[in-house]
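Across the two complexes that follow, chain A remains constant while its partner is chain B and subsequently chain C.
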Partner chain A sequence: MFVLELVAQSLVQGSIYALIALGLTLVYGLLRILHVAHASLFTLGAYVGVLTYNATGSLALTLLAAMLVSGLSGVAMFRLAYKPLLKQPPHVALIASIGLFIAAEECFRIAFGASGLSFANTPLQGQVRIGSLQFKEAEIAVMLGAALILGALAWLQSHTRVGIACQATVSDPQMAESFGITLNTVRDLNFLVGSALAGFAGVWVAVLNNLVEPTMGSVPSYKALAIIVLGGMGSVPGTLMAALVLGLVESFGTVYLGKVLDRNAIAFAFLIVVLMMRPQGLFAKK
Partner chain B sequence: MHQRSSNLNTAQSLLLAAAFFGTSGAALADIKVGITVPSTGFAAADGKSALDGAKLAVAQANAKGGVKGEKIELVVYDDQASPKEAVPAATKLVEKDKVVAAIGGSYSGATRASASVFQGAQVPYAVAYAIHPDITKTGDYMFRVSAMGEVQGRAGAKLVNDLGKKKVALINIKNDFGQSLAAGFKEGAAKFGLTIVGEHEYSLQDRQFGALIANLKSQDPEVIYASGYFYTAGPLVNQLRAAGVTATIIGQEGYDSDKFMEIAGPASEGVLVTTSLDRDSANPATKAFLADYRAAYNAGADMVAAATYTATQVVIDGLNKTGGKGGAALRDAMAAGTYDSPIGKLSFNDLHEVKKDIQVQIVKDKAFRRHSVISDAVLLAPPSKSSK
Partner chain C sequence: MDYEISLLTTIGISVMFALSLNLITGFCGQISLGHSAFLGVGAYTSAMLTKAGLPFLLTLPAAMLLAGVLGVIVGMASLRVRADFLAITTMGVGFLFIGVVRQQEWLGGEMGLSGFPGSGLGKTGFMLLTLGLAGLTAAISLYIQRAWIGRVFNGIAEDEDTMRVLGIDVPRYKLAAFAIGTALAGAAGGLYASHLKFIGPDSFSFVESITVLSMVVVGGIGSVVWVALAAAVLSALPGWFQFIGDYKLLVYGGLLFAMMRFSPHGLAGMAQAVTRGGTHARR
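Coming up: the complex of A and B.
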């Protein structure tokens, strides 16, 4: 019973991690940039979500607005910040990314205040009982939403021309280009989709916590990096599995190791252990 | 009443002037008082309340003619509630701005770090709401207007006992604040024969408590004593209730902000907090402060604002007695004073800790209202020089 409850909680956490980490993996796979500022798009989605919902009361519109704004901001970030740096060594883009992340945090604080925003009427707060487990409606929604979106994405990636073009670009950009794939379109698309997913996750975290703060991206910014390393750097299925495994490790770790290790340290302790045994990550092919 | 509103207009225009000219626009002869607050970073919300509280006290004092006709100038630095930012900020206040006194408007970690700078420079430092015991132990230039963590923790245990409950689960935030509260609570729990059925910890960045709550549910407590700030406690209380936990929840002054009710929503109803600001107080100083704060900022005051206002008041009162001089004269004047403040009548003991009652507030209809007052001179006695 208690164990089941923990597993359920780790699924909720894992879904959120997966949504955030996926965009990061896409960018890393494509450009080899550690896109720390990705977490600020997660925060942006959360802010847009709260503002839209408080203004309209429509959850569908809220999700759409958050994904659109985060997605387009992600594309803008790529075009304005990363694209001019592509010829530089990767750490240059990493430094730019950290700068963007810090600047975004302060912009949120200046624009929306330091104490954060909450929903006037938080959506999906009702209780759902499944067997002996008790969930918030929003928790169910985030799990279903993540499964649906990530499933659809996986299907699109292997069954549509655009998806295959993306995969081709990841495995060999020059070859892909010679087959007539426009690299920049693929890059734009990756930033759009990855950032929209971060925005989607932002809305759900806002709903679950009923609080959006300027600093809410700080933990995801580094934890998502841990997840993509665990998942084997740039591997999409690996990232999803790593997100779920990390959710589990954290939930059980909080209960059984909480006195010794901070929850956010557990992720990194786990990362170190995994890297010692499997330097290529948990789910990489070789 | 008429008198006050005109004072306040002056106060507001002074605030405006301060905002426009910053610190450099003031005349050289002004008396400089420093303050460190977390204006950016995770604690920026409390930083804003603290600064608003201090500015109100300074504006009111200046509207009354300042100190012997000289205006008080508040020199503000951001310490991000971080020890490594706090030391340079404190050093700048001492070395560059040469302040006569300073106000600690930040968290325990940062305040402990800057305490030794002010002590070394013999600049009296009035700490508003940082509760770690080491702060006043730094030396005789340190003052604290809030009840320290252990004292508040003991008050929490007494409250559980007063409610007639025995089985308690602790949820501690992993920092100086949470540790000193938990230590005090356990001390009190032993005294009152309470059973601690579980102890949980979380970190400052946590907003999702699913695993912790699943664990807590299996321990079935009657009362949950949870330390934290409104931005951690809001989500925590919300998620506790959503998970079907009905135990009474007791928080502390970190909860004490209207934002807590906003974040926790209906789950906040019935939550008890031990704090220093009583919204239903009959004390004229408290009532005046609550009204003035609302008039100046169009928002309800919280404990942080009230405590920082009080710390500022203590410094200004001392300056009035020394005619604007700092150093040992100001220290002795501050130590000897008694203060009628928004957080009650205060006086300092030999370690410059305050002895005062603890206010218990309860959330009713989205507002903090009076629940009870814990006054037990023995239980709530702050440490003194003789107690190690």
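Coming up: the complex of A and C.
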């Protein structure tokens, strides 16, 4: 029973990781940039979520607002910050992104205070029993939400013209362009979708913890980087698998190795071991 | 006077630390997002040894040795993975170091270490030692830059595969860069512990790794003089303006971004562009 509970917890954690990491993978696949500042959009979504929910009391409106604000900020970030750096060596964009992320965290702290915000009354706190397992309603919602959204995206990617255009751009930008695909539109779209997902995840983390803090993005940010590396950089199915695997490794690791290493260290120890054995990542094709 | 002495000591340590990263990231092109782990290894080694009764000056070589050995092990990762993957791996090393230290009772755990014996040199003596070692690090860096090994480092940073084709034993040089850079960071760590008289896991967090990287980047990756200057200024800023103290991270983050966005070669690149009177900074 204990093992089942751990698996359930890692599924919840894994869904959140997957939502955040997907945007990172899209950006990496498209631009080869390690988009650390992605997590600041996750934090932004959480703040917008709490503020909207406290003002309106509607969860649907909250999710919509968070995804819209995060998504549009993501597009703005791409246009203002990354686009001018595309011709530079990759570390330039990486360091710029880290700088952006640190500055954004500080802006949240200065604007909303270091101790963070919480919900006036938190939505979806009821308990649900499935078999012998206890879940919060919010936990079920985040798992279902992640599965639905990611499934829908996978379908859109292979069944619509826009989705196929995105795939084509990832595999060969020049060829895609010569077939009449506008690269910048595809990039905008990817930033919009990826960042909106981060905002969506932000709202759910806020609901689960009943707290948003300026620093809430940092751990997910580094974890998401670990996940896209494990998933084989830029591979969407690999990223989803890696998110779930990392959720499992962390849950079980904390129980069995908690005396020697803390949660983050377990995740990164796993990452390092995997990379040393398979430098191309866990789920890359070759 | 006390304040100035303390400030100069802090500057000396920062300069030494930044130059040690510059050797790895600047000269050899191997990006590291976990360099503060080696500052930490040095600091903990020195603190534990002084606690055990060893005189401070003898703990510095031990700190360098341990940090250097661990640095070579991490450097081996750079033989397996490159560029972005290496950045993430080294970031992982940083988190691993803090995670391990946090759970070790004998290293003070979450609470950190304090109350270990000082250097016994007095404040001014310690400052002179720090500044001397920082100067020595700069001299070693300048020497390496001009020597054969520095040219190979530069070649590896520019194009690793070509260097392999030229018959250069690339792994050996990469490991050498990691060994020298991390050993120097270890020495800086020893000085850090003795200067602050307190160390804990949070003293060597990811933010510290980024701070030192921002010093290297703002100075201009690979340029000894400018990196030293940037390290001196950036480490002194928070003390000079209490106003910046609270906004320290915002300034760091903003500078890091602005520098990459508008002048990817840092102050060195700007200076070069100005002296050449044109827009042709180093490629």
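We adopt the following convention: the second predicted complex is superposed on the first by the 286 of 286 C-alpha atoms of A that agree within 3 Å, B and C clash if a C-alpha of one lies under 4 Å from a C-alpha of the other, contacts with A are read in each partner's own complex, and residues count from 1 in each chain.
Note that a residue touches a chain if its C-beta (ideal position, glycine included) is under 8 Å from a C-beta of that chain, and two chains touch if they have at least 3 such contacts.
Just so you know, these numbers come straight off a predicted model, no measurement behind them.
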Scan A:Y222 for contacts with chain B and chain C and give back first, second, both or neither. second
Just chain B (first), just chain C (second), both, or neither: which does A:D262 touch? both
Once the structures are superposed on A, label A:H91 by its partner contacts, choosing first (chain B), second (chain C), both or neither. second
Which partner does A:L34 reach: the first (chain B), the second (chain C), both, or neither? second
Just chain B (first), just chain C (second), both, or neither: which does A:I164 touch? neither
First (chain B), second (chain C), both or neither touched by A:Q134: first
If you stack the two complexes on chain A, which partner ends up touching A:E106: first (chain B), second (chain C), both, or neither? both
Would you mind listing the overlap between the chain B footprint and the chain C footprint on chain A? 106, 218, 258-259, 262-264
Contact footprint of chain C on chain A as seen in their complex: 32, 34, 81, 84-85, 88, 90-96, 98-107, 110, 218, 222, 225-226, 229, 233, 258-269, 271-272, 275-276, 279
Per the touch rule, the chain B residues reaching chain A in their complex are 40-42, 44-45, 47-48, 174, 200-203, 205-208, 210-212, 214-215, 217-218, 231, 234-235, 238-239, 242-244, 257, 259, 262-265
Residue set of chain A touching chain B in the complex reads 2, 5-6, 8-10, 12-13, 106, 109, 113-116, 118, 122, 125, 127, 134, 136, 205, 208-211, 213-216, 218-219, 250-252, 254-255, 258-259, 262-264
What residues of chain C sit close enough to touch chain A in their complex? 31, 77, 80-81, 83-85, 87-89, 91-93, 95-96, 98-100, 102-103, 206-207, 210, 213-214, 217, 247, 249-250, 252-261, 264
